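Okay, so chain A shows up in both of these, paired with chain B first and chain C after.
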Partner chain A sequence: METVLEADRLTVTLQTAAGPARAVRDLSFSLQRGRCLGIVGESGCGKSMTALAIMGLLPEGAHTAGRVLLHGEDLLALDDARMCAIRGDRIAMIFQEPMTSLNPLHRIGDQVGEALRLHKRMGRREAWEKALFLLERVGIPDPHRRIGQYPHQLSGGQRQRVMIAMALANEPDVLIADEPTTALDVTIQRQILDLIQDLAAETGMGLILISHDLGVIAENADDVLVMYGGMVVEQGSSEAIFRRFAHPYAQGLFAAIPKLGAGRDTRLRTIPGTVPDIADLPPGCPFQNRCPRAEAVCAVTVPPMERVGEGHRAACLFLDKAEAGA
Partner chain B sequence: MSGQGYARENVAMSDRAMTDKDVLAVYDLHKHYPLPRESLFREAGRVYALNGVDLRLGAAGSLGIVGESGCGKSTLARLVMGLEVPTAGRVEILGRDIAAMQGAELRHHRRHFQMVFQDPFGSLDPRQKVGRIVAEPLHVLGGSDAAQRAEMVAAVLEQVGLRASDRDRYPHEFSGGQRQRIAVARALITRPALIVADEAVSALDVSVQAQVLNLLRDLQEEHGIAYLFISHDLGVVDYLCEEVAVMYLGRIVERAPAKALFAAPLHPYTRALLEAVPRPEPGRRARMVLGGSVPAQTGRGRGCVFAGRCPRAAARCRGEEPPLIGHGDGHFAACHFPGDFSG
Partner chain C sequence: MSVFLFKRLLTFLVTLLAASMLTFAALELLPGDPALVILGIDASPDAVAALSREMGFDQPAWLRYARWIGGLLQGEFADSYTYKVPVWELIRDRLIITVPLAVFAMVLTTIFAFLLGIYAASRHNRPGDVLVMGFSQLGIAVPNFWLAILLIVLFAVKLGWFKSGGFPGWDAGFWEALKALLLPAIALATVQGAILARFTRSSLLEVMREDFVRTARAKGLSRRAVLWRHVLRNALIPVVTIMGLQFASLLAGTIVVENVFAIPGLGRLIFQSIGNRDIVVVRDVVLMLAALVVAINFLVDLLYAVIDPRLKAHDI
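Entry: the complex of A and B
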């Protein structure tokens, strides 16, 4: 399979009031054409910073190390002009907030057409017509009327469809969707995720889907990264991971979700404490202070990724070996 | 037409005997908001947020309200809390109509019903210490001295899993989950019979959300508090509530014990909601996908509110509004063609 995007020990350090914060540490993955990579974790785990690092959109003062290769070209080493040519053309992103990521002062058609005029040097009329086609493709009802309207005239789900149309305008090789459905109702969430999947399958682009929702990841991703405290703690195929979580954090996260149908007869297992502040991470394993298996060694050793099954790895010194032997 | 619908719904409700033990009783509740007038020659529009809701909640009971945005669930919470006045209908808490009370009388009655809000960052005053925030309802009620209040604050803080010494700290020193514990402590301090929680755990990370859910369950067991628990998350509602009501466009379309509702829904909308919930399991599922989106609340058509999106809608559904009728064992649905989704 053709690899479109590859991260090699990507590290992001942010400047915060509390000092340097390691938002992402030694993150590696490879994304194949037509595949969906899911990144799941709670707030502050580094999943959104990973996306922004790939897009070259990190906040002021952020420092990166490692490499992010798009068709072999290191995005982290590019100058602004080259990155601007790639962003919105070869790699595009959909954000969580369809309310704030569209410009309220411009018509839908102009916003969708902007990427075409910029990257494809299309004229106004040509871009408008392509925009109409795109709006139709993403399932906006009555696109002839909608194309001339402003964002506030559309519902949340329709705005997210417009965002998708914008991202797809130049048929990118990689689409990053950061919590694309978190602000939407469940029935609309289903429609939007199905649409993104269909479009990815149709165009063969690689998809990075970022979510805090294990259910969304399970149902949409082919491969999964579980992040905690800026690190990948478990990675593998979606099948393997959701069949058996190996890392104590992933296990705890799964156990803490109220499962539909479990009712009041069960009691949720909780993870004690709270998600760590990335500006104040302990040395060693980031999960040590909440982990039921932690021992003294966890406080001083960053656990390496170990194999737990076919294409399935986890970063813990105390992986259940009997379990892992499968 | 619609008037008859409400009458039928009331008949349906009456098969559950009225008792004095109800903590909360809601009768045929309507709430319409006027829209700004757009023309001199046309009547101003209205938003029909609630269109005839009946509910009962007994002591130590727990009722979950689920539905998508615009279904009226937050409006219902605000009316139950007496934060707004209903257009029609009545809210009774411990047998007393809260719209009929004013001033000091209402303020005193409020000790029996308290609210926990969604946003643990916006709902606590950042300039006040936790002790003062939690004691606020006691100040409003009056009749307690500083020493008594301090004692009660210490007790509730410990009940919600914080330390008594936390009273001297400010909200920003706490994480989201701890702040929500503070909000729960503030609601608990008057020993209420009813707590209304509007998306109370939605802003929390999963690992922290589970802690707060377990806390809410423990508090209910210990103190016999009734919960009106509003959430868009069906899993959370299933975990916490004995009974669930599903709302759509300002109406209850199905109400049942949680087990029955989640195992065998009768209304096609409930079924679609359940199917849409993504599940953390390996493998993909085939399922029913609901087209369209929730229509605007500004119009009131004839017939069933869900007919426009319903896969089994027939001519009858577009002309005749289905009443909420009982199907045994406390299971009610407002549908002309309920149940049997095997086909």
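Entry: the complex of A and C
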């Protein structure tokens, strides 16, 4: 299978008021054509920073190390002018908030057509017609009318469809969808995810789906990265991971999903404690403070990724320990 | 007529009514008898009383107010006590100087502010930004009459490029007249431009943090292209509000600068009329300025709708 995007020990350091913070540590993955890579974790675990690092859109003062290869070309080594030629053309991104991610003062057609005019050098009219085609393709009802409207005249779901049309305009090799359905009604979520999946399958692009929702990841991803405190703690094919979670954090995340038919007397399982502040991470394992398996050694040793099974690895010193709570 | 326009018209009338009452009341309370001022302090009390009666000051205030407003509604203006001509003629002769001066100063203000504000925002926290903001702080701190004097000393006295003051009139030719207004316009625009530049910068910086700016960058637009195509128009709404206020204050607030440059504008007319207790002039000028300010606010509201499609739908 053709690898379109590869991250090799990607590290992102942010400048915060509390000093430098490593938002992403030694993250590696590879994404194949037509596959979906799911990245899952709580907010602040480094999912979105990973996406922004790939896009070259990190906040000012951020530093990166490692490599991000698009068809073998290291994106982290490119200057902004060359990244501009890649963004919106070879790699595109869909954001979490469809309500604020569109410019309120520009018409839908102009916003969808902008990337076409920029990268494909299309004229205004040609871009407008292609935008109309794209709006039809993402299932916007009455696209002839919608194309001339402004974002405030569209519903949240329709705006996210517009975002998808915008991202797909130039048929990118990689599409990053960062929590694409989090801000939407539950009834719309499924439609949007199906749409993204269908379009990805149709065009053969690689898809990175970022979510805090294990259910969304389980249904859509071929491969999964579980992130915690800026690190990948478990990684593997969706099949292998969801058959048996190996890392105590992933187990806790799974156990925390409310189950239908569990009875009203069953208390919802939670992971004790809170997500650590990335500016103030303890040495050793980032999950030590909340981990049921933790021992003294966890406070000093960063656990390496160890093989759990076929195409399935996890970063824990006590993978063999009885699976607490699972 | 749409609801929006009807509301606007109503606001306009109510504002004018309130302004006329306030002006009238303030002038009633102002110490100093116009008759005494006209006749001089050596005049006999009988003569002052007689003139006072002739000018109608023995009549009750409400009647004099009603006469004033009634006259205005029929397009009749009283004669100025000091100039002995209808007030409208005095105002007209000054409006053709003050309005162009205010427009000129506003154009310069806008050019200064946009150039500096956009430059500073695009170099946020870098030396260029710090330098521009430092200078704008200086621009705000300098009193405009002092700047006016400095400009006269440099460009009129030392270099001899301009006259030190006065206005040749529009009959002397457009460029000649404009040249006479240039230094006063610069003196006015420096302060206003510095204020507006800071507003423009902070408004731009605020919009730059919006999600749709990130979306535009994700499309592959460069920082510069994003600034011009996506940020600027969104940042204009608060800037236009300030511009409206500034233009209004330029129309009414050029008194000091007009005095320094000896320009016979509206500001000088009010200033002198207050000194002369020429209250018929003062009240008409103040009322007209109030009308102008309300009209400018109305124009600003219309501009909002041009900039932002979200306002079009229900308001106009």
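Side notes on the structure shown:
Please note the rule applied: the second predicted complex is superposed on the first by the 319 of 326 C-alpha atoms of A that agree within 3 Å, B and C clash if a C-alpha of one lies under 4 Å from a C-alpha of the other, contacts with A are read in each partner's own complex, and residues count from 1 in each chain.
Note that in this section a contact is a pair of C-beta atoms (placed from the backbone, for glycine too) under 8 Å apart; a residue touches a chain by one contact, two chains touch by 3 or more.
A quick note: this is a predicted structure, and the numbers were derived from the prediction, not measured.
Applying the stated clash criterion after superposition on chain A shows that chain B and chain C can sit side by side.
Of the two partner chains placed around the shared chain by superposition, chain C is the only one that A:166 touches, whereas chain B remains out of contact.
Contact with chain C, but none with chain B, is seen for A:55 once the two complexes are overlaid on the shared chain.
By the touch criterion stated above, A:103 is placed in contact with chain C alone, chain B being left untouched.
When both complexes are overlaid on chain A, the residue A:85 reaches chain C alone and has no touch with chain B. In the superposition on chain A, contact of A:152 is made with chain C only, not with chain B. If you count the residues of chain A touched by chain B and by chain C, you find the higher number for B. When the two complexes are overlaid on their common chain A, residue A:239 makes contact with chain B while staying clear of chain C.
Once chain A of one complex is fitted onto chain A of the other, the partner contacts of A:188 are limited to chain B, with no touch recorded for chain C.
Judged by the touch definition given at the top, the superposed model places A:114 against chain C, while chain B stays out of reach. Closest contact between chain B and chain C, by C-alpha atoms in the overlaid model: 7 Å.
No residue of chain A touches both chain B in one complex and chain C in the other. Interface residues of chain C facing chain A in the complex, by the touch rule stated above, are 210-212, 214-223, 229-230, 233-234, 307-310, 313.
Listing the residues of chain A that touch chain B in their complex gives 42-43, 155-158, 185-191, 193-194, 212-220, 238-239, 241-243, 252-254, 256-264, 266-272, 274-275, 290. Of all residues in chain A, those touching chain C in their complex are 55, 57, 80-81, 84-89, 92-93, 95, 97, 100-106, 114-115, 118-119, 150, 152-153, 163, 166-167. Looking at the complex, you find that chain B touches chain A at residues 68-69, 175-178, 205-211, 213-214, 217, 232-236, 238-242, 258-259, 262-263, 272-274, 276-285, 289-291, 293-294.
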